[in-house]
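For clarity, chains are labelled A, B and C in written order, and residue numbers in each chain start from 1.
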Amino acid sequence: MPSVERSPRQLAEFLYLLTRQELKARYKGRFLGYVWALAHTFALAFVYWIAFKIIMGLDVTNYSVYLVAGMFPWVWMSVGVTSATRSFVVNALLIKEMGLAHAILPLSNVMQEMAHFVLALPAVIAWVVLAGGYDAAISWLWQIPLMLVLQVAFVYPIALGFALANAYVRDIEYLLGIGFPLLFFATPMVYPISIVPEPLHDWFELNPLHALMQSWRSLFMEGALDPAQAAYVAGWALALAAVAWTLYRKLAPRVGEVV
Amino acid sequence: MTRDSTINLSSGRGLPQLAELLYVLVRKELKARYKNRFLGYVWALANPFAFAFVYWIAFKFIMRLEIENYSLFLITGMFPWVWMSVGVTGATRSFVINASLIRKVSLPRAILPLGNVAQEMVHFGFALPVVMAFLWFAGEIRPNPSWLWQIPALLVLQVAFVYPLALSLALANAYVRDIEYLVGIGFSLLFFATPMVYPITLVPEAYRHWFELNPLHALMQSWRSVFLQGSLEPGTAAYAAAFAVVTGAIAWWLHRKLAPRIGELV
Amino acid sequence: MTHAVMCEGLWKTYQRHRPVGVKTLLLGADPPADTRFAREWALAEVGFAVPRGRSFGVIGANGSGKTTLLSILLGTVQADRGRIGLSGHVASLLELGAGFHGDLTGRENVVLYGSILGMRLAEIRRRFEAIAEFSELERAIEQPLRTYSAGMIARLGFSIIIHCAADILLIDEVLAVGDARFQAKCHQALREFRARGGTLVIVSHNMKEMTEVCDEGICLDLGRVVDSGPMAGVAARYQERMAAARPVKGGKHAER
């Protein structure tokens, strides 16, 4: 079932409108919405700091910066994928009108969360510089945008794949609710990978999420992203994109009938 | 405004009818939630188990936390915690989500947050046999005859503890929507402050008595001691009960003050 | 007491209470003015009384306060001042689908709405056949509600309230969606309801229907009672005014 042809420019405008409308709707009547999003992540980081540093006595240099530098990209990724997974189900009406579960819907979710992340960046950078004592690097001016693109390229195929799968099998939503907290500790986000015991350690290193988060952390904490880690993520992004593309071609035309 | 007291809308709504209404509302939510889901209830069960597993890996295996029977410690706390936190979080939004019921239909409003608490209690009830089986196989703790009165007593205690919180937050959220966000942040904080994943003995001496004042700790500790030792510590349970009475009074007062107006707020 | 429904001196403003955010509380910023009602009062000094067994109509332009009035009678909204008296059990149909759940079947929704209206489960089970038959949904009663048309939902809703043993029915504009034959059936059922001693307060824009169903009524304009008396006269005078007037003053205000 072919959809109406749209030019890339129209698609970009549509994506912009969709994302803006969602952000507006979410924060309507909730004046502190942005502050809450920021406060939630910082509060979580604080909790982990108390639990792991104070109570368990975990010894990591600049642990608070380690947490903050990783948790914001993590929240972007996990919240983006979780909401994207529901995007075809939530927008059932829109899909029936467009005649096709358009790939742009989950992309809009990823972009919304990226907007949050970008808005949070000043606070993250302030934390890194003021609390961590790291110097702000000029190279961030091009490395941060590069990382933004890399993360979109990595996250979007996952988001699209889950959104398609969830249209057919609604359990996927629940699976993610369990999956992300699991991954949060398996990536790992709250302790350095160096303390993972030997048999597991090598497996943890293979996790592309670890490479992605490690890239962000080295960007903030060492002033430059780690080319090897970034390239590893990019490789995964390509492979995932191929899988998502295949899924999209196979599954998208019938989504309108199952949501 | 005065409404003639001899004649009011809830005439004919006795306690049995309210109980039936609660039953119908809870059944509606559960039915609607589990339509189109192959595994249905399994998810409600799998979630706390998965979390417990994650914390077990992270704390026992990676952080090398030395706690006896750590997996049992986690499981026995996790299920009542999920009941409480998911119930209260859902209840906080209940007036806003059910705006059409609030605005266009006459029903006792306080029953909506109770519905959320009851719904999560149903999940907890379904999980109980699995928790007991886990205790038996993983910890060699056989079902204890005294559980027959201890568990129902704790179920009542937890409802009495959780419902006033749920009702108050739901009322407050009708007036100030930011409460939803606060609740989400609050539970993430409380999860580690209660504490749920490490024993309170690990908390440095200097802060420990602050942690012990937390009534949630008393509630969770009551569940743990019933499951692990087969004994309900009277002091701990009484502390949680006292807290329930105080919040109950506050919630009742808030309900009287705030409930009549929410019809035009949601 | 001879009146089944009465109210006197009802005043209502919607401007005082509104959801606020923490920012407003912290910074003390003035919340933006509520533009829903471009006047101070949603209802001003409204009063009427309906004897038992009679049918009362409320008419008026959009935003004149009709729905607010019904909500106050039902108790979902509180008046600022005034007195209300209702003697008997009340059932309402104020909004199409309110209290229903789209994922549940028609049968499950009958149980849900019946229970919300205050019926016992045994009572609902006993009357289920009658409700299903009246609604004429036939096999659709076992289908999820989201597959229903607006007319089907209205039929189901009306069937439930007419069978729920209420003494007072409050109905807002929901009969308009049914087809002419079903509307006639509803009117017949409402006549029987009143013959049993039931009392009806109904809001509608359909003057023909109102004249047919109601004995007496009032006309609201910008929250005030501008006309009252036998329904036929009130409706006729309202239509004359509507025809004579330019686009209505209150027409811009959205109705709740």
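Annotations
In this text, a contact is a pair of C-beta atoms (placed from the backbone, for glycine too) under 8 Å apart; a residue touches a chain by one contact, two chains touch by 3 or more.
Worth saying up front: this structure is predicted, and the values here are computed from it rather than measured.
A summary of chain positions shows that the Cα centroid lying nearest the centre of all protein Cα atoms is that of chain B. Chain centres here are C-alpha means, and the one lying farthest from subunit A is C. Computed centre separation for the pair subunit B/subunit C is 37 angstrom, with centres defined by C-alpha atoms. Inter-chain spacing, taken between the CA centroids of subunit A and subunit B, is 30 Å.
Rounded to whole angstrom, the centroid-to-centroid distance between subunit A and subunit C, based on C-alpha atoms, equals 47 Å. Counting partner chains per residue, subunit C has residues 19, 21-22 touching two or more of them.
Listed for subunit B are residues 177-178, each touching two or more other chains.
Counting partner chains per residue, subunit A has residues 29-32 touching two or more of them. Contact residues on subunit A toward subunit B in their complex (touch as defined above): 29-33, 36, 39-40, 43-44, 46-48, 50-52, 54-56, 58, 169-171, 174, 177-178, 181-182, 184-186, 188, 190-191, 195-197, 200. Residues 10, 14, 17-22, 25, 71, 74-90, 92, 94-95, 97-99, 101, 103-104, 108, 111-112, 115-116, 118-121, 256 of subunit C touch subunit B in their complex. By the touch criterion given at the top, residues 36-39, 43, 46-47, 50-51, 53-55, 57-59, 61-63, 65, 177-178, 181-182, 184-185, 188-189, 191-193, 195, 197-198, 202-204 of subunit B touch subunit A in their complex.
Residue ranges of subunit B in contact with subunit C, taken from their complex: 1-4, 7-13, 16-17, 20-21, 24-25, 28, 31-32, 35, 100-107, 174-178, 260-261, 263-266.
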